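What follows is a group of structures, each given as structure tokens.
Consider the two complexes below, in which chain A is the common component and chain B and chain C are the respective partners.
Our next item is the complex of A and B:
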């Protein structure tokens, strides 16, 4: 199949999957919409959909109609930071066929370590966040050694192991917060305030966009995307990670060190998740007050699937998920449709994106068409 | 310490181990059967969440636990068949299908709960705990005669109907797998699908049967969670039991009896955790115990398996060498 056709197929397939998910969402919104008559409900559904699809970057007003809202766009960019990191983390691990689902616990641990460094380790301003982020990435890498080594040495399922670790990380952090680290002067359980020097400074903090704040974490995330992409497609290690994902036995027979690569992929995945947690914590918060897993890890899995495990596509997928998530929040506020609709939409899109045979007949048609053209061309050459 | 052990050696403690293990046993049986058919269903967690919700809702609206249980089972089976459709027909990686179901099971159930019940108390929390009364729960059963036995009676008798069903299903599943044509086909499909299909077994049908069975078991597990273990559904109430079951399946060597025993080990760990927090330990320190035990259990199992394999290989090599001489 030609490159152009391949691209067209991918685009159409993605659009159809998204369309199906939105259709499911529409039906669900219609069911939950308020209103007594059919028309009322239909109108409420339309209103809710408008909020979900356009609300994230536009503002509605009675007289002026739609107007672009830069603040909301910045909010979406800010929301993309942690999920770009978890998305990359999952990309690397899934590329090696390692179904490590530890990004969820990893980002919480990373955030926690960053908070601890920010509170208890005084350092000069420029270096402080850097050290914090590096430390939390390393900490999560070390924890990811558990599922990685168990998988490589004993063939223990990294999936079950990492899932269990998520719970353990959450409870241990909660325990440490409750017992030792909480600021007792506050009503809720939260840590002491971070030192000023630890904050990741804002990149955009224009008074024009009141409240809109985008930290340097965003360009950092994009740099991480670039580095991750270079690593996966332009380095020997990245190559062996991808080869092991495609065919582990073949990689083994061609002399690659499979065990080492399995461990490596999960270490990198852990580092990315941890760094993401640290950047999120230092960029957006002043105290540590998470008391449950944040869910960024699961979103990261969806993003990796949407991106087809290609790091360069991660920002696009992350933008899509952040946009949708924001849309669902707005819909919950203005149209009273529960925001958890996002989970169902996410699940449906996820399923269709991951489905190999989805639209396979259409693909088959394209392949046949390409082959016929090729044959015709070859025939024409012969006649000449 | 002795005092604490004394507190443990009560019928109530053993009773609670069995009670806590039930949903894990159901999910373990589900994991065992699909594993025998040659794939893994990691969506058990999500299936149980959906079953738990539909069970408690139908039980409330129909006014009877029986319909609730049926609804939970139907939910489990239908959703697992949908999983099968995506996995076998659309060729989605079965692990990814499982992840998707789990994703929906966490937030999607809350969405459905809010929409159906119109409960949005405090916007954040919504559950059906307010709707389910004692009468809408699946009943407990006192076994005559046995309940009179001093120590043992307190452990065995008075359990929920589903608890007895769980142990019954452990035996039935074992019989199904090893004594019936269906079980033979399931195992054959798992061992070598090409060989199975060459003797006329419809591999696809067997796979669908296996995943539907796992849905049925998850349905039981979910119903137990929302209509026996707790009164009513609340978000993330299954809290990893579906995943623990995957570990129990591996630890039990993929067999029903072993899997059930492993599930009981996890039940023990959890019951111990509850006891720990009862004597004043921070519950956040006690709660991770079952998850940690799961990892340790997996490691022990893997080491034992590897040793067994090594021994077998050495034996084979030695006998081969002897034969050559």
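Our next item is the complex of A and C:
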């Protein structure tokens, strides 16, 4: 099949999957919409869909109609920061065929370590957040050694191991917070305030003009995308990771060190998740008060699958997920449709992306077309 | 001359019309092929590897679905969506690689999926045995109902397969290279049985490359070439030469011109290698030999006599129970492949799809897999893409790989071109020893010729080559000297291959003869 057809197929397939997910969502919204008559329900559904699809970046007003809202777009950008990092983390690990689900615990641990550095390790501004983020990444990398080494040495399932690890991380952090680190003067479990020097400064912060805040974490996330893409497609380590993911036997036969590379992929995945947690914590919060897994790691898995494990596609997928999540929130607020709907939409998209045979007949048609053209061309050449 | 005699429609049990099959990797395996079977005939389906024979038969057996075209069985147009549909219409297949459960008895294998029961929940073994005996007698196919499949000889396994199809009501039997695994004695026996089946009104499709067998047993033959039908002929009307020309299309002389070898010092030394596999079968029994610089040492033998295990040991996919192997004095057993490659050992693996390539990656990514870490291809932490592109383009050019570009997915290429990519990588890493395991299996004539020439060229430039091949012509043609493996042992060593004949080889390959330890010992050049 030609490259152009391949691309066309991928794009069409993605759009159809998203469309089906939205259709399913529409049906569910309709069922849960308020209203006595069919028409009432239909109207409520329309209102809810409008909020979900347009709400994230437009404002509705009676007289002016739709108007673009820069603040809301910046909010989406801000929401993209942590999920770009977890998306990249999952991309790297899944590329090596390592189904490590530890990005969720990783981002929480990263956030926690960042908070500790921000509170207890006074450093000059500028250096402080940098050190904090590097330490977060390293800490999570070290923890990821557990599933990675168990897999490489004893062939223990990294999926089960990392999944359990998430809860161990969460409860250890809760234990430390409850027992030792909480600010006892406050009514809830939260840490002491971060030192001023640890803040990741805002890039856009104009409360009077548009009331939005976007930290330098966003360009950092985009730089991470670039570095991750270079690593995966332009370096020998990324190459080894990808080859192992495609055919481990081939990689072994070619003389690559499979065990080492499996460990490496999970160390890098851990670092990215940890760094993401740190950047999120230092950019958005003044105290550490997370008492449950934040969910960014799970979203990261969806993003990696949407992006086809290609780091360069991660920002796009992250934008889509952040947009959808914002839309569902708005829908819940203004149209009284449960925000949990986003999980269903995610689930359906997930299903169609993961389904190998989805639209395979259409793909087969394109393949046959390409093969016929090629044969015709070969025939024409021969006659010349 | 094509068979022009028209028959009434009802005399055909199968008519496949204008069958086209395009696989999802874009390869067109069949193009508008017509194929029909008359009741009670033995019909040969011939063609080179990759001509589309298996694909055509898979469609008749419901394993694959045609992209276009119709299949008519006994006058009824059918959609054969799965083997069970095919079986229900009386079509059975005897696969080249037997589909039997080795740990079960012959009778149990016979009734798999249609088990006779007693008291509603237990397997009625007595009935299974009775059924097996009944069919065995009726069709003159002798099997031992109570023996475990793993203990019976290959010939009997094949009979079990045939009986399995017959028990399920098959009237049309597709036999995929049935004689490939048989000794000549067993082949003769099989032919008697097939004639017997034919006399009883059964129709048989006989897939084979062996011209003598085709001439002996078949009534008609269909020849495929490059996925197209080259016509249907009455076997008695065509000569072997004609068939051969139709199959290959040109008179390819696969005689590789090679000068006399001037062997240097030994590169690979193997001493007393022993290995017992997981099923307690001794696969390697005190194997010792040397391969010298500038010579091609061939290993001939019926498949499954320890060749695969030997290569696995030499490339460190497995470790032997005893013995040693060195390359230029360095022990190689149990080393990581990284070190094996650093020592200058290359392997053209037996199964290229299993470990020879990463099918989802590009040609370029496949061709640099053993050298991606080399200084030449890296600039600091990143790849030197220019150097990598140049290397890939150079190898594609030198090894005449037919492709659109270096970034094309390798899985889209034909078998021959995939093998060329594997060979390009393995031959271009300046090896001191090449292990070539079935280097031309299942690929087209052009690619075969090319790869053989390259192999000879390299050996003449001083590389030591160990060639394992099930293709007798290939080992005899290419090897300077030759060993025959049988039952995990070296059965014979021939220092000079020029006056060897198929007959002599056959006797050693089948274990009818065995050279003395002294004669075999000459392969170690101490």
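The rule is short, and it goes like this: the second predicted complex is superposed on the first by the 379 of 384 C-alpha atoms of A that agree within 3 Å, B and C clash if a C-alpha of one lies under 4 Å from a C-alpha of the other, contacts with A are read in each partner's own complex, and residues count from 1 in each chain.
Criterion: a contact is a pair of C-beta atoms (placed from the backbone, for glycine too) under 8 Å apart; a residue touches a chain by one contact, two chains touch by 3 or more.
If you're wondering where the values come from, they're calculated on a predicted model, not measured in any experiment.
Applying the stated contact rule after C-alpha superposition, one finds that A:251 touches chain C and leaves chain B untouched. By the touch criterion stated above, A:175 is placed in contact with chain B alone, chain C being left untouched. In the superposition on chain A, A:361 contacts neither chain B nor chain C.
Judged by the touch definition given at the top, the superposed model places A:36 against neither chain B nor chain C. In the superposition on chain A, A:167 contacts chain B only, with no contact to chain C.
In the superposition on chain A, A:370 contacts chain C only, with no contact to chain B. Annotation for chain A, partner touching more residues between chain B and chain C: B. In the superposition on chain A, contact of A:4 is made with neither chain B nor chain C. When both complexes are overlaid on chain A, the residue A:344 reaches chain B alone and has no touch with chain C.
Within chain A, no residue touches chain B in one complex and chain C in the other.
Within the complex formed with chain C, the residues of chain A that make contact are 1, 230, 234-236, 239-240, 242-243, 246-247, 249-257, 360, 363-364, 367-368, 370-371, 374-375. Interface residues of chain B facing chain A in the complex, by the touch rule stated above, are 42, 86, 89-93, 95-97, 99-101, 103-104, 106-108, 110-111, 114-115, 120, 239-240, 243-244, 246-247, 250, 282, 284-285, 287-288, 291-292, 294-295, 298-299, 302-303, 306. Against chain A, in their complex, chain C makes its touches with residues 22-28, 31, 67, 315, 317, 336-338, 340-342, 347, 349, 354-361, 365, 369-370, 372-373, 377-378, 381-383, 385, 412. Contact residues on chain A toward chain B in their complex (touch as defined above): 28, 31-32, 99, 101, 146, 150, 154-157, 159-161, 163-165, 167-168, 171-172, 174-175, 178-179, 298, 301-302, 305, 338, 340-344, 346-348, 350-351, 354-358.
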